[in-house]
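Shared chain: chain A. Partners: chain B in the first complex, chain C in the second.
On to the complex of A and B.
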C-alpha cells in the first residue's frame, strides 16, 4: 500500500517530480561526464607524457636515479637483457645511453642531451619516431647521423642535411668528438625536451662513447600499460638489489602529484555544485512536503505510525532518486561514450596544452562503466539524504497540527 | 462496579495562540460512555466539541486530565503506541472527509485494514460488506476527486467502520452535506451502530442530527452544560 501511495504521489505531484528528476538527472549527467572528462584528460596527459620519451618502466643500476654519474651505469647490459628474456608482461625492452655534450654548428654552440638508442625498438616505447617533423627517423645502421629536437636545431641554426659537431665524455671518461649530419628533426611539443634532446643509433654511440654493452637505463614497454607498477616490481625482484626498476608513477612523481592536485580541484568544484544541489533539493522537498502536511496528518490520524510515514516519504524520494540517477547516468554515460570514441578536439588550445606536456589536441573521455555506477550511487545517496531533513521535519507534526496545517 | 467503556476524567485544554494569549477550550470535563452508545456532542461554535473529540481520539493531548478507552489510558502515551491504538480501536470521520486523495474509494476503505495486517480476502469481503451498507458499491473504483461531498463522506464512514473499531468519532460529519444527504448519512451511521455494536460519538449543531442520538451532551464555553439520555 505504501509503495502504491508513493508511486501515485509521484504522479499526482507531477510538477514537483519532473523538476526534481530534471535537477537530479542533469547533476548526475554532469558528474558522470565531468569524471569521464577528468579521468580521460588525465589518462591522456599521462599517456602523452609517459610515451613521448620517459616510458612506462625504467631499469637503472642501483643509485643512478639519485646520482646519475658514470659510476652508476649498467655496465653489463647483456646480462639485464638475458635476465629479462621472455619475462611475462614485457612487450619491448630497449637500452638507452644518455649523456650530455656540447654541440656546435657554424654559427652557434649549445649544450644538449646526446642519447644512443636502438631506433627500431625505440619506436615501440616512445613517440620519437612519430614526432618527426623534417627529414627522416634513424635506423640502426645510421652512422654519424643525428635526430634532434626542433628547438635545439633552431638554436644551432641547422636544418636537415646540415652538419654539427659534438664534444663529450665517453663512458670511460675518454674525450669523444665527431661531426654529425642532421638526419631528422622532431617536435614532441614539450619545449624543454625539444630544445635539448638529440639521438643517434646505439651502435654508433657505443663506438664513439666507448659504451659497448653499457647503458644508463633500459626502457620497458609493458604488454598492458595499466600494469606498469606491478611489472616494475616483478622486474625488480627478478634483477635483484643491484638494479632498480621504477614505474612511471615513480619516475614521474611530479606529474602524478599534479594529476592529484588537478583531481582535488576538480572534485572541490563538483563538491560545491553538489552542496548547492543538495540544498536546492532539500528546500524544494521541504516546500513540497509542507504542502502535503494535511494529507500526512490524515494518514497519521487513521493509525499510520511515524515510522510508516517516514518509510513512505523516503520511498518516494528513493524512487525519484533512482529514476533521476538512471536517467542522468544514461545521459552522462552516453556523452562519455560518444566523446570516448570521438575525442573532443581543442585545436585553438594546442600551445597551452603543450606547456602542460600534451603533445595532442584531441582529448577523449574515459568511458568506465564502474566509475559511472559509482557516480550514480553518489548522486543517489546525495538526493535521498537531501530529503531526510524535510521528512523528519514534517513527521514531527502532531496529527491534529498536521490536519489543521495551512 | 462496571468500568465505563470510555472514561473522560477532569479534562482541561488550554491553547496558546500567541505570546501572553491563552484560550481555555475545555474546563475540567468529566464524562463516561458505555459500549454501543450513539452519542452526540453539541453546542455553539467554539464550545470545545472538536477539541474534546480530538482528545478522546488521541489526536490531541489535554493540558490536564485523563482519557481511558476500555480501561486503557490513551493520554500521555508515546506517539507510536497511540498510532497503534487509533489504528486498531478508533475510527475517525472528519467534517472535510479527509480521504487520501491518491487512493480510490476501495483503497481508502481498505487502508486501515491493511495497516492492521488483514488478509487480502478479508479486506475484500469487509469492503464489499460496508460498501453495500453505505450504498457506495458503485463508487469503489473512483478517486475522491471524482465523488460528491455526500459520497466522499460515506466513503469516510466506510473507512472508519471497515476495520471494526471499538469507537467511531465523527466531527460534524454532516456539516458539509445538504439536509437529505445529512439525514441519509446519519441513518446509515445509526444502522451501523445497531448492527455492529460500534460506539459512535459525533459532534453537531444540526437539530435534525442531534435528535437522532440516544445520549446527548451539551457543551458551552468548554464545560458540560447538559448530559442527557433523550432516546
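On to the complex of A and C.
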C-alpha cells in the first residue's frame, strides 16, 4: 500500500519529481562518466608508459634498483634464463644491458643511453621496433649498427647510414670505444626517451663492453599483463634472494601515485558539485514536503502513525532516487561505453602530455560495470540522505498544528 | 517605501526560516568549495610557472640566432657587454643572469649519465631566482677553488651520489675535442622544473669557460622584470636594440605551462558555471514556491492598491537578500580557508612521489585573487535575478481577483 501511495504522490507532485530526477540523473551520469574517463585515461597513460620501454616485470640482481652499479649486475644471465624456462605465465623473457656513453659525431658530442638488446625478443616486450621512423630495426647479427631515438640523432646531426662514435665503460670497468653506423631511427613520442636512448644488438654489445652472459636486467612480458604483480612475486620466489623481481607498480611507483593524485583531485572537484546538488535536492524535498504539511496533518488526525508517514515519504525519495540513479547510470554508462570504443582525441594538448612524458593523445574511457554500480550506489545514498532532514522536520509537527499550517 | 519593501521581504523570509537558511547555506557552501578549488588549483599552476621562471627561463630569455634549434658553443651571444649595460640601466628590469651551457656527460666510478652543464655565477643566480632556496643538501657554493658542482636532485638519485663525492664531467669544447674535469658535488637542488632536476650540473662560470674553451660569450641571458605587465614592452625594446637575437618569453619557452594556465582558467570557468547553474536552480525552486503559495497574499496587495512594481520589488529584494547573505557567508568562509592555505600552504607530502612526477611542489600555497570574489558576486546576483523572472511572469499573468477567491 505504501508503494501505491508513494507512486501516486510522485506523480501528483510531478514538477518536483521531474526536477529531482533530472538533477540526480545528470549528476549520476557525470560521476559515472568522470570516473570512467579518469580510470580509462590513467590506465592508458600507465599502459603506454609501461609498454614503450620499461616493461611489465623487471628482474634485476639484488640491490641493483637502489644502486645500479657494475657490482650489482646479473653476472650469470644463462642461469636466470634456465631457471625461468617454461615458467608459467611468462610469454617472453629478454635480457638488456643499459649503459651510458658519450656519443660524438663530426660536429657534436652528446651523452646518451647505450643499451644492448636481443632485437627479436625485444619486439615483443616494448614498442621499440614499432616506433621505427627511418631506416630499419636491428637484427641479432648486426655488427656496429645502432638504432637511435630521433631527438638524439637530431642533436648529433646524423641520419641513417651516418657514422657516430661512442666512448664508455665496459662491464669490467674497461674503456670501450668504437664507431657505429646508424641503422635506424625511432620515435616513441616520449621526448626524453627519444633524445637519450640508443640500442645495439646484444652479441655486438657483449663483445665491445665485455658483457658476455651479463645483463643489467631482464624484462618479462606476462602472458596476461593484468597479472604482472602476481607474476613478479612468483618469479621472485623461484629465483631466490639473490635477485629482485619487480612489477611496473613498483618500478613506476611515481607514475602510479601521480595518477592517484590526479584521481583524488578529480573526486574533490566532483565532491564540490555533489555538495551543491545535495543541498538543491534537500531544498526541493523541503519545499514539496512543506506544501503537504496539511495533508500530512489530516493523515495523522485520521490515525496514521508517524512511522507510517515516515515510511511513505522515505519510500517516495527512495523510488525517485532509484529511478534517477538507474537513468543516470544508463546515460553515463553508455557514454563511457561509447568513448571506450571510440577514444577521445586531444591533439591540442600534446605539449602538455609530452611534458608529463606521455606519448599519446587518444584516451579511451574505462567501461567497468562494477565501478558504475559503485558510483550509482554512492549517488543513491547521497540522494536519499538529502531528503532525511525535511522528512524528519515535517514529521515533527503535531497533527493539529499541521492542519492549520499555512 | 523602500524600507517597507525590505521589511516585508525580510518578514516573508523569516516566516520560512528553514527554507531560507537552507538556500543561504547552499550558496555559501558552493561558493566555499569553488573558492577553495580555484585558489588551490591556481596556486599549483602558478607555482609550476614560478619554478620554471625562477630556475630557468626568467620572464624573458635571450639567445643567439639558431641556438634554440641547435645549441652549441659556436652560437653564443657575443655582445653580452652591451646587453648587460642596457639591462642594468632599465628600471623595469629587476635582475638578470648570464649562463653558458653545453651538453655533456657526468660520470662517477660506477655510473654515468647525459647532462646539461651550466656555467653560472652563484651570487647573481641567488638574486635572480633565489636558486639557493632550492638547495636540499650541501651548501650553496662551489668551494674556494671553484671545483664544486651543484646538481639536480633527480640526477643525484640516478647517479647515486651524495655531497662530497667526485663527479667527472666531460663535454665537447669549442675546438670539437672532448675535455673533462673532476669536480666535487657541493650541493643538490630540487627546483621541480623537471628538465633541470633530471640533468642540470651547475658549475662556476670561469670553470665552464676553461672546460669549454670559450673565453667570451654566453649561451643565454635570463631576465626577470619588476612587473609581469612589462614583459611585452621590454621584449620589444630588446628586440629593437638587438634585432639578430632571439628574445623569448617564458611562455614561448614553456608552452606547456601556459597551456596549463589556460586550461586551468577554462576549467574554473566551467566549474563556476556548473555550480552556479545548479545553485541557481535551488534558488529558483524556492522563489517559485514562495511566489506560488503567496498568490493570494499578492492578490490582496494588488487589490488594495499596491503597484505591481512594488510587489516585484519585494520579490527581487527577497531573492537578493538570500543571494547576498549566501555570498557574504561563502566569501568569508572561503576567503578565510584560502587565507589559511595562502599562509601555511597545503602540505601533500604523502603524495610526494606522485606530485614530483608532475613537477609540482609538495606544499601548495593558495592564490587569492579579487577576481574570484567579483565573478562569484556577479554569478550569484545573476542566478538570483534570473531565478525570479519566471515566478514573476507567473504572478503577472495570474488574475488578482481569481487569486483572492482561490482557497
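We adopt the following convention: the second predicted complex is superposed on the first by the 406 of 406 C-alpha atoms of A that agree within 3 Å, B and C clash if a C-alpha of one lies under 4 Å from a C-alpha of the other, contacts with A are read in each partner's own complex, and residues count from 1 in each chain.
The rule is simple: contacts are C-beta pairs under 8 Å (C-beta built on N, C-alpha and C of every residue); 3 or more make two chains touch, one makes a residue touch a chain.
These numbers come from a predicted model, not from an experiment.
Colleague: Which term applies to chain B and chain C once both are placed on chain A by superposition, clash or fit?
Modeller: By the criteria stated at the top, chain C and chain B fit after superposition, with no clash.
Colleague: For A:132, select first, second, both or neither according to whether it touches chain B, chain C, the two together, or no partner.
Modeller: A:132 contacts neither chain B nor chain C.
Colleague: Just checking: does A:257 make contact with chain B only, chain C only, both, or neither of them? Give me first, second, both or neither.
Modeller: In the superposed model, A:257 contacts chain C only, not chain B.
Colleague: Between chain B and chain C, point out the one touching more chain A residues.
Modeller: Result: the larger residue contact count on chain A belongs to C.
Colleague: Kindly classify A:155 by the partners it touches after superposition: chain B alone (first), chain C alone (second), both, or neither?
Modeller: Only chain C is touched by A:155; chain B is not.
Colleague: Who does A:314 touch here: chain B (first), chain C (second), both, or neither?
Modeller: In the superposed model, A:314 contacts neither chain B nor chain C.
Colleague: Which partner does A:234 reach: the first (chain B), the second (chain C), both, or neither?
Modeller: Neither partner.
Colleague: So, does A:290 touch the first partner chain B, the second partner chain C, both, or neither?
Modeller: A:290: touches chain C, not chain B.
Colleague: In the overlaid three-chain picture, find the nearest pair of C-alpha atoms across chain B and chain C and give that distance in Å.
Modeller: Comparing every C-alpha of chain B with every C-alpha of chain C, the smallest gap is 11 Å.
Colleague: With touch defined as at the start, can you tell me which chain B residues reach chain A in the complex?
Modeller: Touch residues, chain B against chain A: 54, 57, 59-61, 79-80, 83-84, 86-88, 90, 92, 94, 98-103, 107, 110-112, 114-115, 159.
Colleague: Taking the touch rule as given, give the residues of chain A at its contact with chain B in the complex, in rising order.
Modeller: Contacts found on chain A: 1, 4-5, 8-9, 12, 294-295, 298-308, 398-400, 403.
Colleague: Report the residues of chain C in contact with chain A in the complex, numbered from low to high.
Modeller: 16, 18-19, 22-23, 25-26, 29-30, 33-34, 36-37, 41, 70, 72, 103-107, 110-115, 160, 170-172, 176, 178, 194, 198, 255-256, 259-260, 263, 271, 274-275, 278-279, 281-282, 285-286, 289, 293, 348, 351, 353-359
Colleague: Spell out the residues on chain A that touch chain C in their complex, using ranges where they run on.
Modeller: Residues in contact with chain C: 19, 23, 66-71, 99-102, 104, 107-113, 155, 157, 167-169, 192, 196, 253-261, 264-265, 268-269, 271-273, 275-277, 279-280, 282-284, 286-287, 290-291, 349, 351-352, 354-356, 393.
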